[in-house]
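Each chain carries a letter (A, B, C and D) given by its place in the written order, and its residues are counted from 1.
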Amino acid sequence: MTKHKLFWLPMALVLAAMVGCSGNKEATSEQPAPATSATAEAPPTPIDPSTVGEITGKISFQGEKPKPKPIMMDQDPVCVRAHQGKGASFEDGEVNANGTLPNAFVYVKAGAEKYTFATPTEQAVLDQKGCMYIPHVLGVLVGQDVHIVSSDPTTHNIHPMPKDNREWNESQAPGAPPIDKTFAREEIMIPVKCNQHNWMRAYIGVMKNPFFAVSGSDGSFTIKGLPPGDYTIGAWTATFGEQEQKVTVGPKEKKTVDFAFKS
Amino acid sequence: MSPEVLTPVRPEEVALDKGSGPSGGGDGGFGGDSPDPSERAWSVPARAYRTGMYMALAAITMLFAAFTSAMVVRHGVSNDWAHTTLPRVLWLNTAVLLASSATLELAKRGLWSNESRRFIVWLDVTAALGATFIAGQLVAWKQLAARGVYLATNPSSSFFYLLTAAHGLHLLGGVIALLYLLLRARRILAHSGSGAPGRTAVEVTAIYWHFMDALWVYILILLMTRM
Amino acid sequence: MGLAIAVVVALITLISTGIFLSHHWWLPHAISTIAPAIDRQFTLTFVSTGIIFVIAQLALAYAVWRFRDGGDTRRAAYSHGNTRWEVVWTTAAAILFIGLNLIGYQIWASVHFTGPEPGAMQVEVWGEQFNWYFRYPGPDNRFGPTHPEKMNDGIGNFLGLDRSHDADSKDDIVTATLAVPVNREVELVLRSKDVTHSFFVRELRLKQDLVPGLEIPIHFMATETGRYEIVCSQLCGLGHYKMRAYFEVMSQPDFDKWLETQAAAQ
Amino acid sequence: MVFFVLTTVPQSGFGNFALPIQIGAEDMAFPRLNMLSFWTTFVGMAVLLSTFFISDGPPLSGWTSYPPLSAIGKATGPGEGLGQTLWIVSIAIFCVGSLLGSLNFIATTLDLRARGLSLMRLPLTCWAWFITAVLMLLSFAVLFAAGVLLLLDRVGGTSFFIPAGLVVNDQMVNHAGGSPLLWQHLFWFFGHPEVYVAILPGMGITSHVISTFSRKPIFGYKAMVYAMCSIGFLGFMVWGHHMFVSGMSPYSAFAFSVLTMAIAVPSAIKTFNWIGTMIGGKLRLATPMLFAIGFVSLFITGGLSGIFLGQPALDLTLHDSYFVIAHFHMVMGVAAIFGMFAGTYFWFPKATGRMMNEALGKAHFWLTFVGAYGIFMPMHYLGLEGHPRRFSALTGVDFLNSPHLIHLHEFMTVSAFVTAGAQLIFLYNLVYSWLRGPKASVNPWEATTLEWTVPSPPPFDNFAGRHPVIHRYPYEFSVPGAASDYIMQDAPEETKAK
C-alpha cells in the first residue's frame, strides 16, 4: 500500500509541475485575437448605372524634380540588350516631364463597402519585358486572376512580398508557361520583386471594389462608374507616401480630386 | 492432427513473442535497457549496462560541451551580452537536487542490505526531490518571465532557458526511471543479489542521477559566471 | 577475370592521367600576381600525387593479375606484414604530405597574413540574393555608413546610403560590375546583406566567403586586362546559379573614364 | 544521402547483423534499445520525406544548412520555410537514433565478446564498427546541440547564428549579434567525423574481404587497427579544413591543414596494407572481392585528391568546386557504397541461407565500377576549370555555358544513367537469389571468423546456446602445415598440429 501512495507523491509533483508549465506558456504566448470584420451579412446594395458619376484628377509633384536614376543591369546581358543601349531608369520616385507623378495608385479607400462586386473574369496581365515589370503598378480585385507572362529570353523569378496574403516565390524560365495567381485578401500594396534581377519591382493593389486607377505619364487618372455617395479617396505612391481626401459624389456628377506630393 | 504438430515452433517466434510482451518500458532518457530476467535466454553482463550508461553520459557531456562552446563564442562575437541575474529559487533547487543524490545513496544501501522499506522510502524521497527540482526550475522560469526576461530577450537569457531546459528534460528522464524502479521495487528486492538485473538497474540509474546532479552544478556555475 | 581487372584499372588510371596531362581541361589562364605561385603549387602537388596515383593503381592492378587464383595448388604466402616496410611507407607519406603543405604555406601567407601594399585601391564587394554590388569610395577615399533600414533595391539604394546626410556617402560610387585598373594592388572588403555568399574569380585564383556581419578583406593585383566573371560559390538560395557579375581589368585611363561614367549615374 | 544512407547502412545495417556473431554474442547488448534506435531513425526519415508534400517545398540549404540562409525562414526563398524547419527536426531525431545505436555498439563490443576474444583478436570489421560508434557518439551529440540552436533561431526568436543588420528582400531581419561561423564550427566538428563514420565500416569490410579472398592474413593487423584509431582521433581535429575560405582566422586554417595532412598518413597506411595483403596471396575473384578491389581503387583516387584540398593555398581556387564533389564522392560516397556492396555479397549467404548469382554480381560490379569513374573522374576537370558546386543550371554564367564544359556534363550524365541502371541488376539479383538462389553452406567463402561457424541463416540467438571460445587471431589463412588453407577462430590449438 505504502508503495503506491509513495509512488503517486512524486508523480503528482511532476504532473503539477507540468500543469504549471503549460499555464506559464499560455500566459506568455498570449496573442491579440485577430480583428474580425464587423460587417454584418446585409443584402448587397444594387448600383443604378444611370446615376453613376466619376472622379478625375492629377497627381502633381512639388519641389525639385529628381534626376532619373539609371538601372545597372550589367549582370544579365539579356536585360542590357533589351534596352538597345538606351538603358532604363528606376520607376519608383520618377517624375513626369510636366511635373506630375506617374504610377500613383488612386483608389476608393472607404465608402464603397455596401456594394459587392463579382470577381472579374478578365485577367490582369503582368508582363516582364526588358527586365522590368509592365505595368509597374497594377490594381486587381480579390480573387481576380493575375496572369504573369515573360517576354524576356532570361529566367525571371516572381516574388510578391505581401503582409496579409500568402507569400510565394516562383521562377519562370524563357518559354515557360504563364503563371496564374489570385490574391485572397484586400491589400494596398503588395511589392513584387524578382530575385534574379533585384532592381525589378512591381506593386499590386488588391481591392474589394473596382474603383481605382493608376496615374499615367501626364499624371492624370480617372475613376469611373462611382455610385453617388461619400468616399475617402486614397492616393498611394511608392516613394512619396500616401494621401487621402474625402469627397462627395452626386448622381452623374464629375468630381475633380487633385493630389500634391512633396519630396 | 493439430497444426502444432505439423509446424514446429521456431525459436525466433518464441523469442519474438516474449519480446513483445509487457516490457514495463519507460526507461526514457537514460541509456539502460530494462533488465528483466524473464525475457532473456542468456545474460548480458552487468558491466555492459554500466558501459552503456557511461557512453550515454559521454554523449550528454558532448551535448553540453557544444552548448558551452557556443555560449563562449556567442559571448565573444558581439557586444550585446547582458548578464542574466539568476532567480534566487535556483539555490533552493540546487540544495534539493544535492539532497536527492544523498537520498538515492541511502536507497541503494537499503537495497544492498535488502531492507525493503528503507529502499522504497528513500527511492521515493529521491523521486519526489527530483520532481521538486523540476517544479522549482519552472518557478525560476516564471520569475524570469515576470521580470520580462524571455528566451529571445538576450543571448544570455537564451542560454539560460536552453541549458536549464536541456538539463531539466534529462532530469525528467531520470525521474521517470526512478518511478519505474519504484513500480518494480518488489521485484527488484526479490532478486537483489550481486549482478542481478534489478540491482544493475538501480546502480545504473544512480550513476545517471549523480551525473545529472554534477551537471547541474556545472551549469549553475556557468550561468553565474559574468563573462 | 584477374587480367580484366588489371587492364580496366590500368586503363582508367592512364586515360584519366592522360586527360589531366593534355591540359584540355585545366586551370584557366591566370591573371593575378599570386596565381602563378598557386599554379606551381598545384602542379607540384599534381605531379607528386599523380606519381603515387599511377604507381598505387598499377600496383593494385598488378597484384590482382599476378596473384589471382589460377586453380593450381599453390598456397598463399603466410605473412602478417613487414614492419620495416610499414615504417618506411608511413614516414615517406608523412614527409611528402606535410612537406607539400609547408611549401604551400608561403602562398597562403602572402594572401592572408600580409596586408595589401600601401596605396591599394579599396573596393567594397556586396552580395545579396542573387546580385553583386560594388562600392568605390570616390575622391574622399572614405566609405559612408550603410543603413540597413534604408536599403531598397526598388529605388536603386542597394546599400542603404544616405547621401543627403552622410558626407562620406556623397561621392560613393555603387556599381554592378567590378572594374579595376591593371597592375594595381586592390583590396576588396567583402560584405553580405543577407546570407553567406562566396566571391570567386577563377582567373585570379581567389575565393573568399562573404559572411553576413563580418567585413572580410582580401587583396590581389591583376596583371592582364580583359573581361572575366565573378561567380558565387557558396549556396545562397534558389538563384545561386545566376549570381554572377562581370569583373573587368582595364588600363588606368580606361578605368578612370569608366569610373567617371559610373559616378555620373549615381 | 549522407545521413540516411551513408551513416546508417554500413554501420547499423551490417553491424547489427554481423557484429554480435563475429564476437560470439547472441545479440547486441540492448536489443530493445536497438529497436528504439531503428524506429527513431525511421521517424526521422519520415519527417524528412514529408517535406516533399508541403506547400513550402523541401529544404534547399544542402546537407550543411549554413545559416543565415537556413535560419531566417521563408524570406530567403522557396525551400527555406517549413521544409527547412522539418529538416532540422528530422536531423535532430536522427541524432538521437544514432546516439542510441552507437552506445549499443560500444557496450556490445566491449562487454559481450566471447571468451578468448581479446581486442587484438577482433576482426577488423568489428574494430571499424567500434571506432565508428565512438565517432558517432561524440559527434552526433554536437550536431544535435547545433540543431537545437538553429531551431531556436528559426522559431524561438533567438540569435545564435544570425548577425545584426541583415536585409532580405528589402525587409530588415529582426535578429542581432549571432555568428554564422559558429554554426560552421559546430557543424563541421560533427561533419568531419561523420565522413569517417561513412567510410570506416567500408574499410573494415574491405580489409576483412581482402584477407579472406586473398587467402592470406591481413598485412599489418596492428597497423590497421592503429590507423583506424588515429583516423578516428585526428578526425576530431581537422574540421577547420572545410572552412579555409569561410572567413575563419587564416592562422588557424594553417594549423588545421597540417593536421589534415597528418590524417592522410594512416589512410595511406591502409591502402599500402591492402595491396600488401594481396601481394603473395591467392586471389579468389568472387563478387565481394571485386567490390573490395574497387573500394581500394576508388579510395586511392579519392584520397589523393584530398591532398590538394587539404592545402589552404589550393583551396583558394578549388574550394566548393566540382573538384571537391569528385573528392568526397569518390572517397566517402562511392567507396563507402562499394564497401556496402562487398558486405552485401559477402554476408548475403549467411543472412539468407542462399548464394547470390555470381554472373549477375560481376556484371553489376563492372558497370558500377566503370560507371562510377565515368561520373566522378570528369568532375576533377570541371573543378580545375573553376566550376562551382550546387548550381541548378549552367545558364547563369558564361564560362559554364560553353560546349567545352557541357560535353563533360553530358558524359557524366550518361555514365550516371548507366550506373543507375546497373543497380537494377543488383536489385534483381538480390530478390531472385533470396527466393531461388542455391542453398549456401555454413562457410561458403572458407572464411575464419565466428559467423561462419553457425548455420546459414543463423538461429535467433546466433549460437543456439553454444558459447564459442576463441583461440586465435582472425585471419589465419594458408598457415604452413595446416590441413586446409584456413583455420577457424574458434578452432582449438591442436588443429595446427594435425
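Things worth noting here:
Everything below uses one rule, namely that contacts are C-beta pairs under 8 Å (C-beta built on N, C-alpha and C of every residue); 3 or more make two chains touch, one makes a residue touch a chain.
These numbers come from a predicted model, not from an experiment.
Contact tally for B-D versus C-D: the pair with more C-beta pairs in contact is C-D.
With centres computed from Cα atoms alone, the innermost chain of the structure is D. Distance from the chain B centre to the chain D centre is 32 Å, each centre being the mean of its Cα atoms. For this pair, chain C with chain D, the centres built from the Cα atoms lie 28 Å apart.
With each centre defined as the average position of its C-alpha atoms, the distance from chain B to chain C rounds to 49 Å. Rounded to a whole number, the gap between the C-alpha centres of chain A and chain D is 51 angstrom.
Touching of two or more other chains is recorded for residues 77-78, 163-164, 169-170, 178-179, 393, 395-396 of chain D.
Under the contact definition stated at the top, the residues of chain C that touch 2 or more other chains are 128-129, 153-154, 237-239, 242, 244. Multi-chain contact residues of chain A (touching two or more other chains): 155, 169, 191, 193, 195. Contact residues of chain B toward chain D in the complex are 10-12, 15, 19, 23, 31-34, 41-42, 44-45, 47-49, 51-52, 55-56, 58-67, 69-70, 73-74, 77-78, 80-81, 151-152, 155, 158, 162, 166.
Chain D meets chain A in the complex at residues 74, 77-78, 169-171, 393, 395-396. On the side of chain A, the complex with chain D involves touching residues 155, 159, 161, 167, 169-170, 191, 193, 195.
By the touch criterion given at the top, residues 128-132, 153-156, 158, 175-177, 237-239, 242, 244-246, 265-266 of chain C touch chain A in their complex. Those residues of chain D that touch chain C in the shared complex are 60-62, 66-69, 72, 76-80, 162-170, 172-173, 178-181, 214-221, 223, 245-247, 250-251, 253-254, 257-258, 261-262, 264-265, 268-269, 271-273, 275-276, 278-285, 290, 293, 296-297, 300-301, 304-305, 307-308, 310-317, 319-321, 362, 366, 369-370, 373, 377, 380-382, 384-386, 388-399, 404-405, 408, 477-480, 485.
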